[in-house]
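These notes open a run of structures that come right after.
In the two complexes that follow, chain A is the common piece, with chain B as its partner first and chain C second.
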Partner chain A sequence: MIEQIRDKARELLEGKQVSCFIGYEQGTRGKARPAFIYAPQEVERLVWDEGCAHNLTTYLHQFKNPVKRGEPPPRVGIMVKPCDARSLNVLFHEKQLDRARVYIVGLTCGGMKDDGQLLARCQRCSERVPVVYDLLVGEKPGTVGQEDYADVAEMEGMSPRERLAFWAREFERCIRCYACRQACPACYCFECVAEQLDPPWMGIAIDLPQKQFFHVMRAYHLAGRCAGCNACEEACPMEIPLSLLNRKIAKEVEALFGYKTGQDAITPPPLATFKKEEEVPL
Partner chain B sequence: MGDFAGKIKVMARDQLLAWLDDLAGRSTLIGPKPVGEKILYKPVRHSAEIALDFTKTDLSAKEYFLPPTETILSMKREKKGFSVEEPSLDGEQVLFGLRPCDARALRVMDALFLDKEPADPYYAERRGKTTLIGLACREMGEQCFCTSLGLAPDEANDVDLMLTEIEGGYAVQVVTDKGKALLGAVALQEVEGVPPKPIVHQEKVPILEAGKWPEHFDAPYWARLSDRCLSCRLCTYVCPTCRCFDIRDAEVSDKGIERLRAWDSCMAEGYRRIAGGHNPRPTKAERLRNRFYCKFCYYPQDFGPIACVGCGRCIAQCPVNVDAVEVLEGLAAL
Partner chain C sequence: MAAEFEPQIVGFLCRWCSYPGADLAGTSRIHYSPSLRIIRVPCSGRADPLLVLKAFQDGADGVMVLGCHPADCHYVEGNYHARRRYALMHRLLEYMGIEKDRLLVEWVSAAEGGRFAQMTTEFTNQVKELGPRGGI
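Entry: the complex of A and B
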């Protein structure tokens, strides 16, 4: 698969069809990391293995604007796994990216590993082929998982008091570093409400009330928009189970609206859509 | 380390635990504590809460000298006029299990917070009211590079007491009078022997001297490096020497206001934005470059020490592998 990826990247760069190819390369500490390839001869840096867990689509935000005024924005190539592809659809949907300006190398995926163990989110992944791509690389793997929201159900089984205690314990560790927000492709507000100081919605304090407010608010801002890529939880230095919040809301959205985020860029997202039959008479 | 002349003073493990329990009873004892999957310096009430077997904590100890959030002033409306209160630290703090890198980091911060006029009264109070019990490293961690910065994993000069693990207990080195006073009547046994030396990395990371950094300021290296940076705040918050803060007044009720000081980060997009809207560091490239220049060029030129102790936490925790060692090696090769 990697030779096919490198060949395509080389072709795109040599033909100046893209100014940058975003992929993965070997990091310094034994794991892959995001790579930005600008020259065709550098495509040999690209790798594809079970350590390529990052969602690279978040980097597309830095290629949204033209380099020079009057020019169109740059075209970029990007490697996406099935989970990442769902994020792409969200960004196309929300008109953050022009589909024509992104060359998508879609990767069939058997799952990412940490310390030789398949990640929890990969164990339950039922998609092994990206839903959007220009070039599909690899064969669809034989086994797929099944989403059962078991971890969410466990949390739902807690009484409100237990749930409050659970999250207070988790968020106590939070240092308000915003790695979760910065890693998330769907968090692209120019100025996050958490950092607005006039008025100080959340202020500057790195205390439990502010931290809880930030995480719950961010989860709500992602309702119907979170693709379940888990970049947030994987970026968190304190190993806070952030995906539980997002998946709880995703479960509710699916139950209420029959909607799964990122399957395409056409189906109207439920929280941005009003249907006449939903009108409730006063 | 001092010259032990073949004799060391030791404390048995049980003795240490009993002493820590005693300290916890009469002061705020802070030690390395397992919290979920992490090890963090936390206040403990019993020695049993302390992790004695760890490489380094996931966050540094700086939060006990420069808290993530502290109230530096309280103002309350009274029936007539206002009252103003300056909160003060209650009692003494004992910080146990401090690694030499984290202890050196306090010296680095002292250069700004204590040695430069005016001294920071809040930092100074915590620093003065805290006794440091160091714990020498058995072995340098995978991401550690303290020796490249002229530090040693068993450096004792920055703590009040230094403990080194030996079979069945700890070798104890009394460094300061403060440490001697804390030890008090605890009886140490004198035995033959030399404490084991820590296992260190053989290779050193090249550290470019401060004066040579300016010529690389415009190198394209910084823009390429910053492509993958997420511009979060993680590295600055886990770092033992990063020390930027913001101060804001917050209403606590309709009668009172607290003046808060909280951690801020030069990596945040709006950190350097000034009134009028101009931002001299608008892109990740400028901010990431600035972080390294601040540590290895500006701080040493302004205050003396390099603002990095080689603890490697930024390397261990950065979600996208921005690796300080790789940067320092890359810079040396420019």
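Entry: the complex of A and C
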């Protein structure tokens, strides 16, 4: 499998079809980390294993602008898992990326592991083949998970006061490093509400209401756009369960509007469109 | 005797239907709850759900978002967008621990002064029953 990826990366780089190939390499502490390959002889660095949990599509934003004025932006090759492919579709739909400027090496995925344990999101994942790719690598794994929102339902069973206390406890830990935002492929605004000073949406203090505001705002801005790659939660140094928040919205979006994020690059996300005759329970 | 809890309610009222509706309630001398602080917005579609969140962050006990009835929007489609946004925001706020009854999203036309007054009073009582809000 990895040889096939390396061969393709080499071919693309040698043929100058892409200026950079984004993949994974072995990190210094034994875990995979993102790698940016610019020269064909460096493709040997590429790896593909069960530790390749990062969503690399976040880095595509760095290749949106031309290197030299007047030139088209550079073409990029990238390795994507099924979850990352969904976020690619979000970016294509939002015209953040031109489909023709990305060469997608799709990877069939049996789930990512940490310390031999399948990640929670991978246990729930029912997609094993990317929804968009130029080259598909690997065989389709037999087993698939099922998203049942068990933990979200558990939260919904609490009383509002209990939920308030739960989130206060979680967000109390937030240090406002904004790693969740930076890791997210769908969070690409040049000026984020979190930093807007006019109007000052949010204060800059380490203060619970402000932190809560930030997190609700972040989750809400991703409503119907979150591909569920869980990069935010994995980037969080304080281990705040952001997936509980994101998946609640995903669940409601699916229930209210029958929409699943990133299945194609054509259907607009639910909050960008409406139907006149629909019944929306307020 | 402890003073009765008087909730602070922020209302985002659409400039074309609900605000004139509130105006009509006033000119008709219909009494409605004084707890409501009205903010006039161009359209219910302009009342960004973040404004509601901001109101809650700054200590509001309840928030009302009132707009034109569906199909009556001055800007043709603003309230359809608002409808979708608030359907989701409502559920999200509830999930975050803000009781469902603290947010009211309704459609009020410029002719519905009486309905506006009644709605406002009912909503105020509803929020009064819930008591002051702690946290976001």
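In this text, the second predicted complex is superposed on the first by the 277 of 282 C-alpha atoms of A that agree within 3 Å, B and C clash if a C-alpha of one lies under 4 Å from a C-alpha of the other, contacts with A are read in each partner's own complex, and residues count from 1 in each chain.
Convention: a residue touches a chain if its C-beta (ideal position, glycine included) is under 8 Å from a C-beta of that chain, and two chains touch if they have at least 3 such contacts.
Because the structure is a prediction, the values reported are computed rather than measured.
By the touch criterion defined above, A:Gly27 reaches chain B but does not reach chain C. With both structures placed on the common chain, the touch criterion links A:Val193 to chain C but leaves chain B unconnected. Using the contact criterion defined above for the overlaid structures, shared-chain residue A:Arg218 touches neither chain B nor chain C, since it reaches no partner.
Once the two complexes are overlaid on the shared chain, A:Pro237 sits against chain B while remaining clear of chain C. Judged by the touch definition given at the top, the superposed model places A:His93 against neither chain B nor chain C. Annotation: chain A has no residue touching chain B in one complex and chain C in the other. Listed in rising order, the residues of chain A touching chain C in the complex are 155-156, 160-168, 193, 201, 208-210, 212-213, 216-217, 219-220, 223, 245, 248-249, 252-253, 256-257, 270-271, 274-276, 280-282. Of all the residues in chain A, the ones that touch chain B in their complex are 27-29, 31, 33-36, 54, 58-59, 62, 170, 173, 175-179, 181-183, 191, 195, 197, 200, 203-207, 234-235, 237-239. Taken in their complex, chain C has these residues touching chain A: 49-50, 53-54, 57, 70-71, 77, 80-81, 83-100, 105-106, 134-136. Every residue of chain B that touches chain A in the complex is listed here, in rising order: 35-38, 40, 58-59, 68-69, 142-143, 224, 227-228, 230-234, 237-238, 246, 248, 250, 260, 262-265, 268, 270, 284, 315, 317, 319-321, 323, 325-326.
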